[in-house]
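Before we start, here is the structure in question, set down as structure tokens.
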Amino acid sequence: MKVALFVTCLVDLFRPSVGHATIKLLKQANCDVVVPSGQTCCGQPAYNNGDRVNAQRIARQVIDAFDIYDYVVAPSGSCTGMIKRHYPGLLTDDPQYTARAAQLAERCYELTSFLVDIIGLTIEDVSFNKSVTYHDSCSCQRELNIKTQPRQLLKSIGGLRLNEMQGTEECCGFGGTFCVKYDELSATMVDNKVDNIQQSGADILLAADMGCLMNIAGRLKRRDLPVKVYHIAEVLAGMAKDDGIGGV
Amino acid sequence: MNDARQNILERIRKANQLMPQADSFEAVRARIARHARGPQPQWQQDTMTRFLQKVELSAASYERVKTHKEITDAVIRYMESHSLNGKLVCAGTELLSRIQWPEKLSVEARAATTDDKVVLTEAFAGIAETGSIVMCSGKESPVSLNFLPDFFISVIHLNTVVDRMEDVWEKLREQGAGMPRAINVITGPSRTADVEQIIQMGAHGPRQVHLLLLE
Amino acid sequence: MESTAHNFLRNTHKALNDRGLQSALKNARRGFVDKRRNAVDALPEFEALRQTAIDIKSHSLLNLDQYLIQFEQQVQASGGQVHWAETPTQATQIVTDLCRSVNAEKITKGKTMVGEEIGLNDALIESGMQPVETDLGEYIIQLAEEPPSHIIAPAVHKSRQQIADLFHEHHAPLGFKQPLEDPQAIVNEARTILRNEYVTADVGITGANLLIAETGSTVLVTNEGNGDLTASLPRMHIVVASIEKVVPTMEDAAVILRLLARSATGQEITAYTTFFTGPRREADLDGPEQFHVVLVDNHRSEMLGNQYRDMLRCIHCGACLNHCPIYSAIGGHAYGWVYPGPMGAVLTPLMAGLKEGSHLPQASTFCGRCEEVCPLSIPLPGLLREHRFQIHAQKISTSQSRWALALWAFVARHPNLYRWLTRIGIGLLSRIAGKHKKFRRLPFASAWTNQRDFPAPQGPTFMSSIRSANAKSDKDS
């Protein structure tokens, strides 16, 4: 099974260990992993800021780089959502790419969903002796219907205690450029999320989306709270060894 | 003003030309005539059990009656227990006009005024799905009776309680008298949550609803 | 109504720092969400009803001209009249003319959002008439001289103390000198005062939740019964309704009604669901002598022909507002015009102008809860994105943000350049961070660091490490 890794721009730039953890997990799942060099971004910044033309150009670039593989896996709900749910509509008037966009959409998976729904991977010999709470990103929950898969994977991690927080269905306030364009509003939303995390009593926050993680980590640190933040891939691969996103 | 009508209709037609085929005149007429129902909510209990359960949940009260005497007794008891003086406004339906009221009670068949505290009406039908009663306006049932008084009592024939709203529409069509000025589907007393989202009864319509279930 | 939507940033700042408002919003939010959730969970047929409702609305919109004509014919056959208005001005002109024709002085009103949209109260007042709101929430904000802040619960932003104070201020001259303490007393006082208004009104104006083509009926859904008193006691009943409200049959109405109350308040049905058809009949003992329906277009026929068509499925339940994190944070007034929340963010640019309303579609994370709870599955985030496409194309966004975007897109489209720039940029950031894992302050990123620390990069970029690994393995092999 030839699986291409769509590493995503935030992982590439700010947290490469997530990319390495993803590769490790995919190899554990007996996948032949390739990292296409022509990848940069899925195009969401252009798409969500009203620049349809550039969004289309970037979508074509992604399709060109990726659609020759059996599967494309991304450690991100929002990038996966972009490819699966929005590429087809974006390129609906482009006869050269319509079919290819639909095909890529079929083959693209968010990491936890790929590991559970396609591979059925059981994780063995990984421990993480901590109390953890899990944040479901909006794209995972509502674009991709992913909720049980990360929890199922976390169950096989030795010593991990999952404390569910209230309001898992609520947005963390990242929203791409929203968090800087409407920063006061965003701060209100992320404060709600941080309050819920505190109330859960967990020491660690996990999620499958770097945007959410950086936003929440940033606010946790600003509020001087000792919760450590990792991407779920790092914990699943037994690679969550440092102080996490933003340190402590 | 006719310009506005023409302009609006033309814009609508032009907009819909961009969509897949709109229906023909006949198709639209046929669709209306079919009176097709959407998905019908289902439940376990029989019609009456469901109706009474929902009536109670709607904060309305009820009691069963069989005869004219039981109706008058029930009404007087209700009025006494709520300290209402001996004045009742009654709908002029055939059933209610035949009732012999005791002398001490003044009963008038007319529209309601703001001074009227309690009324007695006769419902057209009941809906089990929601515990609602259906009132149709007419010379025998002025609509003000449903809204102005504080206490609203209604006789409802058990055999007019149907499962769903659509069953009431069917009944109305069978009667063939066309639509009345107002059909009120009433479920419990008047209420509001406009003050801090806490529900209070008796916002503008009746504070209490009491049903007399007539076999 | 005059729009202040262009002041969104200032409005938002004010709302976020208004402690009373924040407390009221917090109180309301959980209630609406939980009640809806319970009602939907208790109805296994909800999804099927939703799908049927979508079909009904789509069919109705596709044949809107026929259904409006059918509706008009039936209203006329039952003794009523239908008037058509393309614009708010036309609509208010028609209403004031009708009122003047019966020498109306006092006019009672049921809650009508379309009435707000066309500025009806102001027009009536300018014509020397006195509109009196009868829905308790609308009455409260009328006293406060404020617009509604929610399409179902207009005074959701007010505390009981604020309401009690308002009542004391306005009712004391009428003889109600006792300051009120609890919600029941407030409701009782409103009931007493408004009773008199109902019976002394010359005209009653209501909205309509639905128009039914088969019978020429207008449907009104309330819990208070104020709509019925407004519609039944005066000599004339005027219904103000927008054109997309029409559905073919009474059965179609039943489908939508099952979704409406559950989505709005979590009830299976409201206390009063009324079907009005024409004026009083000859033998009736009460009811209005005249029945008029004013059909309002105001951009809806336009929407029918463009990418916003799906918005016309809206049944005004308010579920999108109740689940929106933005609405929950700032309340309705901050949106600056008639309709708040996600539906308001779609409608305001269309009705008050794109430039005027341009903040609203941008102030969203596209979290998607609105679309998830919408009983008609309206693709609200997608419609907001359409506004963003227009805002970009019409250069309404700042040139600064457009340049930044264009730069990012250019670089993203050139992977080698991207690789090179990011390697350098991340390297630089890493060096500045040193052993710190975060930045408290970062030049050019103050919008982020005003509210959050900025996590420092972990090290060299992933792609550069892969490249070196590939290069190494190439060398080795």
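To keep things simple, chains are lettered A, B and C as they appear, and every chain counts its residues starting from 1.
The working rule: a contact is a pair of C-beta atoms (placed from the backbone, for glycine too) under 8 Å apart; a residue touches a chain by one contact, two chains touch by 3 or more.
For clarity, every value in this text was computed on a predicted model and none was experimentally measured.
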Max Cα-centre separation from chain A goes to chain B
Going by CA means, which chain is nearest the middle of everything shown?
C
If you count the contact pairs for each chain pair, which pair has the most?
B-C
Go ahead and note the Å separation of the Cα centroids belonging to chain A and chain B.
54
Averaged over CA atoms, how far is the centre of chain A from the centre of chain C? Could you give it in whole Å?
32
Inter-chain centre distance, chain B versus chain C - centres from mean C-alpha coordinates, in Å:
30
So which bits of chain B are touching at least two other chains?
none
Given the complex, residues on chain B that touch chain C span 1, 4-5, 7-9, 11-16, 18-20, 22-23, 25, 28, 31-32, 35-42, 54, 58, 110-114, 129-130, 132, 137-139, 142-144, 146-148, 164-166, 169, 178-198, 200, 202-206
Residues on chain C engaged by chain A in the complex (per definition of touch):
9, 12-13, 16, 325-326, 329-330, 362-369, 371-372, 385, 388-393, 397, 401, 405-406, 408-409, 411-413, 415, 418, 422, 426, 436-438, 440, 445, 447-448, 450-463, 465-467
Residues on chain C engaged by chain B in the complex (per definition of touch)
24, 27-28, 31-32, 43-45, 48-49, 52-53, 56, 59, 61-70, 78, 83-86, 90, 94, 134-137, 140, 153-156, 159-160, 163, 183-184, 186-188, 190-191, 194-196, 198-199, 213-217, 223-226, 228-229, 231-233, 243, 248-252, 254-255, 257-258, 265, 268-281, 283-287, 295, 297, 301-302, 304-306, 309
List the residues on chain A that touch chain C in their complex, please.
7, 9, 11-17, 19-20, 35, 37-41, 43, 45-52, 54, 57-58, 61, 138, 142-143, 169-171, 173-190, 192, 214-215, 217-219, 221-222, 243, 245-248
